[in-house]
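Following: one structure in structure tokens, then a few remarks.
Order of writing sets the labels: A, B and C. Residues in every chain begin at 1.
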């Protein structure tokens, strides 16, 4: 069985200044607790650029300082729409991407 | 030269219960040994939700316990189709996504 | 406000042989310094296959040896086109993927 779903990737940084300290937790709470979006996973990058062009890297001297974080999730389009709506302006402008994906759902898959 | 390819992302957890202990290895063997799918890469997330809503996180007390894993690969659509078929019900229902991508293949690229 | 953008993923390895030692830096310089592509992030995989089929994994004995790296970025299609053109044959053949995404830009988003 195949089903069209929407993939979302939200780009943040660890320890973003100001209110952003708890931004990851706030966003996770909305995606998970309130909207039960499927497949929420957080990835940490090893290097990235901030909006002002500065480089954030993990190296021996500056481990995990302001590293980029990506929150990824996927679900049916209406569920994603509602969750994005609920995020309001928590996500900095231009930091949320979405695209259509096909979910391969084997009807006999183990439910492990 | 551009070529349409199919991107796949498969979502697992480290140490999934039951048969899932070796699930990553089983899937990698099918994708790599049997079907020679291109561009197979495994990523580890730092946090994610299980199917029952519990949170799996990397923190100081629970390092790398049940963290999410993503197997990503891409290849020509027919090769991906055959590999997914071969995966059968190894992948838990709703944990495999695919979408079309364009592969930019520079004909003069270094083969380094 | 929604805007169509192009997502790019480039697949490399740490310590690729030959000129590839500084390949990540060279590519980052072009994407960032010269073309100011938005949302450049580097991820490190924990396992992957080289082009000759050998497995590269992070384990206790071989930490971070030849692990796969992914450079991800996204921006308006014309900016991405120009940046890819500028990369020339830095990226090994078949190691650059692109696809269309929708960027959700909240007009009232905090600029944090």
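Keep this in mind: contacts are C-beta pairs under 8 Å (C-beta built on N, C-alpha and C of every residue); 3 or more make two chains touch, one makes a residue touch a chain.
All values derive from a computational prediction rather than experimental measurement.
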Same vs different contact residues, chain A with chain C, by half of numbers used: different
Angle of rotation relating chain B to chain C [CA atoms, steps of 5 degrees]: 120
Distance between the centres, which are taken as Cα means, of chain C and chain A, whole angstrom: 18
Shared-contact residues (touching 2 or more other chains) in chain C: 43, 99
Residue ranges of chain B touching chain A (in the complex, touch as defined): 11, 16-20, 43, 45-49, 53, 55, 68, 70, 84, 88-99
Chain C residues touching chain A - in the complex, by the definition given at the top: 5, 7, 28, 32, 36, 38-44, 69, 74, 99-112
